[in-house]
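So that you can tell them apart, the chains are marked A, B, C and D in the order they are listed, and the count of residues begins at 1 in each.
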Amino acid sequence: MSDEQKPVTNIKTPMRLEYRYSAGIATSRFLHGIAQGKILGQRCPSCKKVYVPPRGSCPRCAVATEEEVELSDKGTITTYAVVRVPSENIDVPLPFASVHVLLDGADLPMFSVVQECPLEKIRMGMRVQAVWVPKEQLGPTLQSIRYFKPIDEPDVPADQLRETV
Amino acid sequence: MAERCAIAGIGQTHHTARRDDVSIAGLLREAATRALEDAGMDWPDIEAVVVGKAPDMFEGVMMPELYLADALGCSGKPMLRVHTAGSVGGTTALVAANLVQAGIHERVLTVAFEKQSESNAMWALTVKTPLQASVVAGAGGYFAPLVRSYMNRSGAPDDTGIRVALKDRRNALKNPYAHLRDPNMNFDTIAGSPMLWDPIRLHEACPSSDGACAMVLTSERSVRNTQYKPAWIHATSMRSEPTQFAGQEKVNPQAGRDCAKDLYAKAGITDPRKQIDMAEIYVPFSWFEPMWMENLGFAKVGEGWKMTYEGATALDGDMPVNCSGGVLSSNPIGASGMLRFAEAAMQVRGQAGEHQVDGATIALGHAYGGGSQFFSMWIVGSARP
Amino acid sequence: MRDVAIVSFAQAKNHRRELRNEVEILMPVVQEAVARSGIARPFDFTCSGSSDFLQGQPFAFVMALDAAGAWPPIAESHVEMDGAWALYEAWVKIQTGQAETALVYAFGKSSPGDLPEVLATQLDPYVMAPLWPDSVSLAALQARAWLEKTGKSERDLAEIAVRSLRDAKTNPNATVSGDFDVATLLAAPYVAAPLREHDSAPICDGAAAVVLVAGDRARQVCKRPAWIRGIDHRIEAHALGMRDLTVSASTRLAGEKAGVGKAKVDVAELYAPFSHQEPILREALGLGAGVTINPSGGALTANPMMTAGLIRIGEAATRIWDGSAQRAVAHATSGPCLQQNLVCILEGE
Amino acid sequence: MSETVSDEGGILTAPHVLEYPYRRSVGPVLGRFFTELRAGKLVGVRTQQGRVLVPPQEYDPETGAATTSDFVEVGPGGIVTTWSWVTKPRAKQPLAHSFAWALVKLDGADTAMLHAVDAGDIARMRTGMRVRPRWRAERVGHIHDIECFEPEAAR
């Protein structure tokens, strides 16, 4: 070793762990629906609220959910942000609108993306509809819904969205 | 039946983007030895250790408290590891305090930390899971829509968030441990900084920091005669609610409101803005100051922004908030909650130096985590409860 | 100290591979434990144990809260540890007077990953973890040290496995059980010499829940409450080369503090994920020949990570409730080669 | 359906990889250890009680007290205090063929360190045997600068 070499201050310790992820019962049923171009929520047997995507329970009532409800692929933007910073977990080109969409018939919003709309036109209460991948490309993944796009329907007033941010 | 619990020693590291000069153990020991020294104690005086941090993916060490047991003088002692997401630093302090309040231990060391530079915070917080369309970009991506909802509901002026950020960054200049200490930061630099998660600008967001915080909590009889008198815990509370459910109020979460209500009842506080001298609250994005002012009952719903706007939350205001510079100026996530709790205690001990609120005798420490769903809080005072 | 009792316990069947998500596994377990407790929600305190690394997802415990019943908001906390330590935190909370009732739960899904490799990430990240030693190989270091010190043989270890598997036949939740003979087990190849497959716990997924109640309220809801008469936990040095692996100093200390030796012990549920660890723990706790060890079959027959320690406490409580024991010891462990240990003493009235 | 996604009785499963190239700052004490490894030397550090810890730590694991600044060269040879035998190594482990994990107490050390021993055959392993490091030619200041240990008798 040469005496000029600097003392060691850092080491590299790469980690790669491989797992087999399981989506669970409720999410799998939901994704099977998506593969057929359907959005399936679940209704809480106690409070009757409809969850989408369902996780097999109503956290509010702490009970399991079973009853499936087919939902419209139209909904309303309850709130949103415009993402301009890259994130390793996201494939969407920047900038994009990250939105909470309350599907018609659902009682809590799902997270998605809005496109086919100038970013400055996006607003709370705006009506949107899912844009699906072509039928032959449908699969059991949320990526089957490419994004949501605006539709020509009047905005939903803000006070009707209060509890569904 | 609970024993009184004193905060007898406080220590923290210098927080910075990358503490390249220390190991993980070295980072914790820096905070811990300062807390021990402040308490007039040494490792053998400690009976138990409670460690807190956020996801283990940050450092890539599963349950790192096992490896850290040696570094924290824990051989032959009890050790607990708490993880309640972003609120963990606060919750960890409460778990440690419970050991004293229950009469189980006399002197407990509690340490919270994050060495985020070992990986990348956005990666570690939103690891991509298969079969899901991932559209949430880190914590900013999660919280920005909630901020927009608040802006929309309250009608707050658009520059409220800039004003909060400016206040906290100026406060940080008075805190030698703070991460972001830029004397040239002004309204225009914040307003002109890029929108990362619109409506959140770069300078309205917390940094990613390496850092640790430690406290020595003791029973009344174990308090030693040191430079600063201890702070006393007057009340503690924690509340959690599920991440997402139908009918949930995400902007002004009930778990936070319930937690504050329970806390004030235990501390005998009926008018928080009058009776509490200062507050250190968890504000990772500037708009959360007005949001939490309402959630904590310092302002009416929809009016939290007025406190910021009128300067009430400034160091010389009637309700100073985050005099240390807060999470906006230093954010080692696992430690950030404990820093809030510790800074509140430093204020009532009169040891906050340049960012001291004159005559502070009652202070609030607050932390939250997850999707605005985990809350932990304490009220500390200079007098015995 | 206040009188605190365990009044109910439930666990999932410990499948080798569980495809349900954590909420789907936990929900029925929590509901069963709550129903059996006779206590109506909300509990004064809720505490859980789990570890993100097992399934490789940060914040798995956050989603698990959906199963706990957290609305209206509850006082709740989480340890990144085995649920036995969550139970300790809940017991402490009751001791402070801030709670009279507590719900404790834990879950662990090990099957998605390669558990022995995942556990290598628990080690010192500078000089141990980069070598990726698997947990079975590390336990084997301890096994050899113990065998050579005591003069015991691999046959003695196989006998522990045979007894455990036989006892697990009456445990409907066990992952493995049955009648085996020592010679057959010894004919199997080594996994990591001197350990064979029967010497280490099966990898499985699971969940468990326990309800704690203070004072007379416990007597009202439970015919024969399992009173916690002592509970303590200790940790020791992490580096394997810095401790004597043939003994468990931290278990001995925790046992002394908890008061194991104060009276006769009828039953002990010891969390020994490797066969040789059972005699090390027995010695550390001073448990002689008259003590029934692991009537459930123990961790060698079901080992849901972050949960099996809480299950030991639940199994011990079950022996108090059914009257088969007057005084029982439950033990939990964490970390490589028994680094951290918890001891809980349960007694009937 | 993506070929990596499986339908297992209605439940969907898919591969999930948790991967990050962690870079760790090591602090002054481990920094010294790794610097010496790069030079082909092994050092420990003396505790205030005089014990020599290898690998060196910033603290005495028994007490938490800071260790001294007295670094002590140890080894390179040492004895195996206990060992286990890996028949089928995992991909990330130091050797691709059967080897032993061992705790090795280096000459002059009071504690043992974990590493691999390349003995070729389980029959060549025994507790108390002497081993010495096999150094990697290209050293960077990492625990992997020691490729493994090997029986001294082999030389």
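The rule we apply is simple: a residue touches a chain if its C-beta (ideal position, glycine included) is under 8 Å from a C-beta of that chain, and two chains touch if they have at least 3 such contacts.
Keep in mind the model is a prediction, meaning the values are calculated, not measured.
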item: Selected interface, B-C versus A-C, where C-beta contact pairs are more numerous; value: B-C
item: Chain whose mean Cα position lies farthest from chain A; value: D
item: Rounded Å distance between chain B and chain D, as computed from the means of their C-alpha atoms; value: 38
item: Chain B-chain C separation of Cα centroids, rounded to whole Å; value: 33
item: Separation of mean Cα positions, chain B and chain A [Å, integer]; value: 30
item: Where chain C touches two or more other chains, by residue; value: 19-20, 53, 56-57, 63, 65-66, 70-71, 112, 114, 117-118, 121, 125-126, 129-130, 237-239, 242
item: Overlap residues in chain B, where contacts from two or more other chains coincide; value: 20-21, 23-24, 57, 59-60, 70, 74-75, 120, 123-124, 127, 129-131, 242-243, 245
item: Residue list for chain D, restricted to those that touch at least two other chains; value: 5, 8, 11-16, 18, 20, 22-26, 30, 57, 61-62, 142-143
item: Pairwise touch network: line, ring, star, complete, or other; value: complete
item: Contact footprint of chain C on chain D as seen in their complex; value: 8-9, 11, 13, 16, 18, 22, 24, 26, 30, 33, 53-55, 57, 61-62, 81-87, 90, 92-94, 101-105, 111-116, 122, 127, 142-144
item: Chain A contact footprint on chain D (complex, rising order); value: 1-2, 5, 7-8, 10-26, 31-32, 34-35, 38-40, 139, 141-143
item: Touch list for chain D against partner chain B, complex; value: 4-5, 12, 14-16, 18, 20, 22-30, 57-59, 61-65
item: Chain A-facing residues of chain C, complex; value: 18-21, 23-24, 27-28, 30-31, 41, 53, 55-57, 63, 65-71, 111-114, 117-118, 121, 125-126, 129-130
item: Parts of chain A lying in touch with chain D, wherever the complex brings them together; value: 1, 5, 7-25, 27-29, 31-32, 35, 139-141
